[in-house]
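For reference, chains read A, B and C in written order, and residue numbers begin at 1 within each chain.
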Amino acid sequence: MIETASLVDQYCHGVLRTELGLGTFETQLGGAVGQPAAGTTFFDTQTGFAVRRWCPPLLGLEPHCPPAHYLARRRELGALETGRRLLRSTGIRAYLVDTGLPGDLTGPGETAAVGAAGGHEVVRLERLAERVADVSGGASTFLAGLAESVHHAAATAVAFGAVGATAHGGVLAPEPPGPGAVRGAAVRWLTGRRAGGRLTDPLLLRHLLWTAIGTGLPLQLRPGGGLGDDGAFARTGADSADPVPLTAFAAATAGLGADLVLLGCYPYHRQAARLASVFPHVYVDLGSVLTRTGAGAAAVLAQMLDVAPFGKLMFSSGSRGLPELHVVAAATFREALDRVLGGWVADGAWSPGDARRVAGMIAEGNARRVYGLPAG
Amino acid sequence: MIETASLVDQYCHGVLRTELGLGTFETQLGGAVGQPAAGTTFFDTQTGFAVRRWCPPLLGLEPHCPPAHYLARRRELGALETGRRLLRSTGIRAYLVDTGLPGDLTGPGETAAVGAAGGHEVVRLERLAERVADVSGGASTFLAGLAESVHHAAATAVAFGAVGATAHGGVLAPEPPGPGAVRGAAVRWLTGRRAGGRLTDPLLLRHLLWTAIGTGLPLQLRPGGGLGDDGAFARTGADSADPVPLTAFAAATAGLGADLVLLGCYPYHRQAARLASVFPHVYVDLGSVLTRTGAGAAAVLAQMLDVAPFGKLMFSSGSRGLPELHVVAAATFREALDRVLGGWVADGAWSPGDARRVAGMIAEGNARRVYGLPAG
Amino acid sequence: MIETASLVDQYCHGVLRTELGLGTFETQLGGAVGQPAAGTTFFDTQTGFAVRRWCPPLLGLEPHCPPAHYLARRRELGALETGRRLLRSTGIRAYLVDTGLPGDLTGPGETAAVGAAGGHEVVRLERLAERVADVSGGASTFLAGLAESVHHAAATAVAFGAVGATAHGGVLAPEPPGPGAVRGAAVRWLTGRRAGGRLTDPLLLRHLLWTAIGTGLPLQLRPGGGLGDDGAFARTGADSADPVPLTAFAAATAGLGADLVLLGCYPYHRQAARLASVFPHVYVDLGSVLTRTGAGAAAVLAQMLDVAPFGKLMFSSGSRGLPELHVVAAATFREALDRVLGGWVADGAWSPGDARRVAGMIAEGNARRVYGLPAG
């Protein structure tokens, strides 16, 4: 039995403060994916089945009870009490919260308070740049303010994120853009911009990534930019979670002191694991992959353990909005780890001590080392 | 035990009416793949082993008997009686037959009669356009006839197919071509064409796809165009079953009312499943993937269930020529489904009722809904 | 129980003649991958765990003993005696040694002597061309000498290899370059070259591949050129083991009489297997994939058996430097084969006789046929 009492959730968003009806809950279950097809429901997915397996017992119901019963019980308890019961069941000791999503979501401190754990901020670079632009008079002020803000954020944040940035072509060019080009792009962007306008200019995004690299803090990237983050997918119709196009950027940033953490590469998780085996500064996130694959997660985890050095993989939940997703992530991860590593121990392929040690590394040790968190 | 008594075969071709010798049978086993390498045989494949496992007992022989014994018994019974015994053992209640392949193959009605089931036509768009061209005087007549033929076919067919079309660059551009360009392409194609000449012009193929989309009928597409369909692979030397390049076309056709059904994406079946999770109108075919992977099918099925909503996957056999392939598809599918879903029930990950319900959806329910077939 | 007493290692390098300390040994474990990340070690990988599982007992220690104990025992025995004990435990009856790597490595004859087996040379085309250039006065002499050397090598070598060549764009164009272009490239390369200078000119490499094809000997190719071979990866920052870009080259060389053997395609091993199912002259290597995935190898092997004809897969170790890697390759392969094929026999999917026959084909029979080795 491979046990992992403590977890660090190295990438998540907060949970919704509002009460949820059946329809809203189902939409959240589907993530950024839009509406279900006619005649289908997002409850009929691995995530939906995993929520129905793990969460009802935490609220005093039978596993696999009908969604309507679960939602009724959830409303009875209220969003806050539900959040408390769910998050505190997970064994997550620290939440790294990406604060770049809109919506009535808890921040790092509030998430940590609900979950009785530590909370840390992952600063989303695009949002930070937009806030600087909102208060800048022109390109010079903006660029100076940006540099200062990034370095200021680095003092308290544990990582930077630029999850939607990689959806834009050229952002991952293997060298920083020159100062003239950056200035020109800033002028163009600021000129056409109204307060709150989103940053999607590839050259400025590229400048932002390299500025963040300069701080030495880990940088979280999602190949292809993810579904729906910043609406990039909807705009371009292009989506690929394949991390291989990040290879040149990884080669260019090797040895500069900042680690890269690849998020959400499924079904290219083996490619991500391979990059982590090639580049000392590349790490791979496990969590959201496992959350979305539910009963199939053990096979996915085993594939990620094929070639990645065991010091390069990190648990997360990848949750947004629903504390249920933290529960599913933690339970799915623990079960998959026990099945895969426990199976190898039973076969004599791994020693029990090595298996326990590797489980602890993936569950929390690697994240504590990479993000400089205190020992658990 | 997850049982699926009834199946809808949502994509297949007819069976050969002629008697088959050992060599011809082996060639058919290899699909469109050409000849086996010196010193090897197509019987030494998962499909070959699966045929030898499942079919001999249906003709009164031992499983895994030598191919020559099986073929002798097959000739003794005759092609028709063999077809009857094999097809009627499958539990397939409806055949959706793509009639676009050459050869002495049974059509939907005859296939259905042999199999004592329902039969429906999937109209291959390229073949339909070629038949219209054969009787058209010029571009105007051709284009008018094409529009009429597509809409006429939509009245009786259950779906359109354009399986080889996607091998041609530009066919999947995310908007229909303009009328002038279509007219120019029609003039060029008709000028150089002799009766029976194949349609491979990318612009006309693209026009055809968008005309079909306009009917609201489901459209079956095979990423890369498949091996050997229309000889596209042999001509171009380019082959990829990866559906990711269809993303922009999927985005452009979302909400227009026609569903897209992705065929034959192995080994990119996880990418196909992911597209089905993103776009409400995208569905994924299971069958030919499972037929070709035989003893390995359970692992492939599990991967397709990772992220696809369960309402988006549909069984098929993908058979062409040999009723043995229908047997293998049905048996492989049933065994894989029982192993994968049954395993999850045994682990407590899924409830038994959910597992039975999802099995029925994939086996026939989803196809009946998508193609508007009567309840089984 | 599926047993494979004898193996042919169809792709490996020699073993290091020097004594190894803990640090050097760890570097060798990581292959061409560079240094481990701070806070991690290459011993914490599937390969590292597999070495600790299989090798210590062969030197009289407990499985999974600490690396330092193992290295101490290794030094006590000496490199030669260690090599003897390890290699002779593997059941490898023939080593096909790619002699194109630098370093103090044993050649085919010495490797064979240490392992008490047969030894054969795989001639690396780039190295051969460089040796010819070292003694050639000008382009004409060089090109004539190259043609002669390739055909001379074909008389004694069992295969050609061009493992790093495919990292260079255009090398896999589907036709040989014209004589004028070849001559021009030779003049340019020789002009700027000093003795020992590496051949990286894509046009000359392409000429070399087609010259080798002309001999009819099998040609070993590694999609993307591999990590670190010739430093190509480090130079370009581009790396992909995906064999799909080789499709046009495979189509162009079909029927010319030379087989292509795809090495090291993980995590695109299913794509490689699919190419082997499409082209009669394409074969796929298993070994280094299995060596690197250790406890996960059975799942990888099963995936390669999905669609590849069983006559198209061949064992190898892919080892370089450490005889431990031969041990791991052989043990991992045997265990994976027994688990996968044995499981299918237990399920009734395969007959026991077929399973034993296929095991023998993959272990040695296919390689003996493809490379024209005497029966084992």
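Methods note: contacts are C-beta pairs under 8 Å (C-beta built on N, C-alpha and C of every residue); 3 or more make two chains touch, one makes a residue touch a chain.
Computed from a predicted structure; not experimentally measured.
The two sequence copies subunit A and subunit B touch through a face in which the numbers common to both fall below half of the numbers used overall.
It takes 120 degrees of rotation, in steps of 5, to superpose the Cα atoms of subunit B onto those of subunit C. Rounded to a whole number, the gap between the C-alpha centres of subunit A and subunit B is 37 angstrom. Contacts with at least two other chains are made by residues 299 of subunit B.
Put simply, subunit B touches subunit C in their complex at residues 33-42, 44-46, 49-50, 52-53, 63-64, 227, 233-234, 237-241, 266-267, 292-296, 299-300.
By the touch criterion stated above, subunit C contacts subunit B in their complex at residues 174, 244, 247-248, 250-252, 270-271, 273-274, 277-278, 280-281, 299, 302-303, 305-312, 344, 347-351, 354, 358, 361, 369.
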